[in-house]
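Quick one: structure below, then a few questions.
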């Protein structure tokens, strides 16, 4: 599917030798990209395949026979649906909050020179450098010492905390080298600071925000160690799966994984196709 | 003493304070609407139970006698019970929505809603999550937790469990297997109640390695299994079996014995026979064929045999280990009496058989074998004949219990074993 | 409001930073200070812990005892970061400049595998990389590799596991910095310079530097403290990283002081490495000049 999307660059300038080399160069890039995507998808393909397995026992390691069983009853294992819902809620909310907080910090750090900038940089890097177990344990100690009951809220607090740094670093990659003259031009034309932000700045940094949000979502939905410490009686999907390995991870877990993956990719594919139809019409 | 049991009032206050303090009321309200965040608010029945259930023993209370204890009328079951267990460790009926017949039965009998959470995935990890609350003298939020003996012994040693009032648990008192009673770390048999037991021995793929009966195989560089051997990453299982190989008794292990066992294991590692130290992962390797021989847990192999019939479990001729996962009531639990009711409930042989048929480990309940054999489903009834689920006296005689290590010994053994594993 | 902001313009950055920094102050810095204090403890869970500055030896002991694992972590994290970069850069380049309308789809394909559970991916990888799995199985039956060759339980498995895991953390930042490059600039460059390579080196690469810098940080820093890959794909004493030591010191041995001390050693080491790296790449100046 990738090769279809990539239009070979047909340029008319340069000597024939250069053209051949360029052509080869471009195609090498396509092949390389294709291989990289295959590499990324490989474990997912295995996961999807095994969602159609009918294992003989409780674990799902060896292929036995094709079946829709797990798909027809995806929430059959006790506690699985609660775990999935908790994980999705936490991932969505923590992504939104962390993306907003992180974007603001990113804007502040790249666009202003101010006292305390170096210290702020330090505070951004440190959480990424702290081993998860220590992060989780010290947060739990904090919650216990202020008498805060552990539940989804405490997981959420933790996830927002560790996501902020990732958002800031990603946003800065987009903001670095940002051409302030675009904003100045808009203001010269009479736009207020707010209008300038929403009409000029925001669209320009949006890809960075989107990328940061996606990274944050992937970190949150898959976190085990910190969640385990701050969860109280809440069970998230990674906690459920980690624990289930003792007896055997049910096939339904593969089904859930496939649905989450399929929904994300399907939604983007759909919007791409709709855009294309709009353009064609 | 009232500090020991946060009442409904305390808990509600804590929650309110927390909401104000973090200025996240909006988010919290959303979560509460989603239904799971609200569980920290105890129902109205809780306070009376908590108040009347003040523990009558334990070092911290020794100074303040509680004559009221006997005069108090029998408490009534609480509206809820917070029960933490390992995933897939109770019978379940995969109807829609999934249910556990045992938990449903308990709710029907006592009217208590069981907040059963499969949140324990490793002894150490779970201990890490309840330790700060126990240290601070707070309710952990759990009324009943299930942990393996050595961890249970450690928590009991730290004084962090409630004593079970055996007057409330007649079935437990009557039906607990004799070989599990009166452990040195629970001499009065009232700090923990066994949930399931299991044996540790040799697990292997008989199609690849033939029939093995001796631990010595793990030290033999046979081309059929060299580099495809694993050892369990649980210190007591691996050190215990190695001590048995060396002809030493794990029940009386000293630091010097530990050193000898570590040196012995090193030989197998350096010889390239042993590939990895593993927890539950070994089952996956065994089914996929990356591993063919190693130290294993009995219940795992019963499960894995369904996927690979050539898998075998034996208690080695050197001897095997036996261990138990235990129900504990953490100190300060809000619903202690109801937790005792649950302990007693699962010691009913019929209920025990129901659980055993699903989890397929060794049931600690007398009479569960007879109960399972009466099951209408023939495959289930046949489990009554499974020697790994209901080991006979000869098998049990070959199994050993690991010594209840002192705190210092425990530190030493774990330290050596961690270093051996490279961390 | 706007007029007020313009008058007190110096306050704007603080307004932007405050909400996020308050969050980090309460939920990161405060707990970290407690953790720092606990790194000067001695004692045990059973006998209680006591604080003393003399326990600074927790740091020196930790350093000397776990030297091997520290060095291994640096090596594994660096190798994985390089591998991730080599895979990510061409990928990000293609998505940014040549994917046309499929840009978003490709971008999602890079991140979507990570919306599923880590353990599921590991179980899949074990199926693929197994001794007789999808990769080695055919090679072995064709006689191309010897029967006792394995990938699982080797450093290769751990490094590839880390590289796979952090791929989007490299690809996405590089993509967002490449994507904003004005394509006319590239075309002009290709006309200006003799070869596409020099055009790439003189124009694309410098403009992509902030993304490369960000991607490297997002990969290298967490990879240094990673423990799951060594735990689940390495599984041998010879592949354990410093993250595994912290994990085991904390959970298994209840040796909280050493775990905390090792964490601070790790954090300090990473900060030094980042500072050196930023200077080498000149990214700090580049990022500052944006303001």
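A, B and C are the chain letters, set down in written order, and residue numbers restart from 1 in every chain.
Here, a contact is a pair of C-beta atoms (placed from the backbone, for glycine too) under 8 Å apart; a residue touches a chain by one contact, two chains touch by 3 or more.
Since we're looking at a predicted model, the values are computed, not measured.
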**Item:** Chains touching both chain A and chain C
**Value:** B
**Message:** So using the touch definition from the top, which pair is joined by more C-beta contacts, B-C or A-B?
**Reply:** A-B
**Message:** I'd like to verify one number: the distance from the centre of chain A to the centre of chain C, where each centre is the average of its C-alpha atoms, in whole angstrom.
**Reply:** 15
**Request:** Indicate the whole-number Å distance between the mean C-alpha point of chain A and the mean C-alpha point of chain B.
**Result:** 36
**Prompt:** Which parts of chain B, given as residue numbers and ranges, touch two or more other chains?
**Reply:** 125, 128, 281, 284, 288
**Message:** Two or more other chains touching the same residue: where does that happen in chain A?
**Reply:** 61, 137, 141, 157, 242, 245
**Residues within chain C bordering two or more other chains** = 123, 127, 247, 250-251
**Asked** Which residues, counting only chain B, touch chain A once they are in their complex?
**Response** 11, 14-15, 17-18, 21-22, 24, 27-28, 30-31, 34, 36-37, 39-40, 82, 84, 86-90, 92, 94, 96-100, 115-121, 125, 128-129, 132-133, 136, 138, 141-142, 280-281, 283-284, 287-288, 303-308, 359
**Prompt:** Tell me, which parts of chain C touch chain B in their complex?
**Reply:** 44-47, 69, 123, 126-127, 130-133, 148, 150, 152-153, 232, 235-240, 244-245, 247-253
**Request:** Within their complex, state which residues of chain A touch chain C.
**Result:** 1-2, 5-7, 9, 13, 18, 22, 25-26, 29-30, 32-33, 36-37, 39-44, 46-47, 50, 61, 101-102, 104-105, 107-114, 120, 122-123, 125-135, 137-139, 141-142, 157-158, 160-161, 164, 166, 168-170, 172-178, 192-194, 204, 207-208, 211, 214-215, 217-218, 221-222, 224, 237-238, 241-242, 245, 249, 253-254, 257-258, 260-261, 264-265, 268-269, 271-272, 275-276, 279
**Of chain B, residues touching chain C in the complex** = 122, 124-125, 127-128, 131, 157-158, 226-228, 235, 269, 275-278, 281, 284-285, 288-290, 407, 411, 414-415, 418, 420-423
**Message:** Can you tell me which positions in chain C touch chain A when the two form their complex?
**Reply:** 2, 5-6, 10, 12-14, 16-17, 19-21, 23-24, 27-32, 34-35, 87, 90-91, 93-95, 98-102, 104-121, 123-125, 127-128, 164, 167-169, 172-177, 179-180, 191, 195-196, 207, 210-211, 213-215, 217-218, 221-222, 224-225, 227-228, 243, 246-247, 250-251, 256, 259-260, 262-263, 266-267, 270-271, 274, 283, 286-288, 290-291
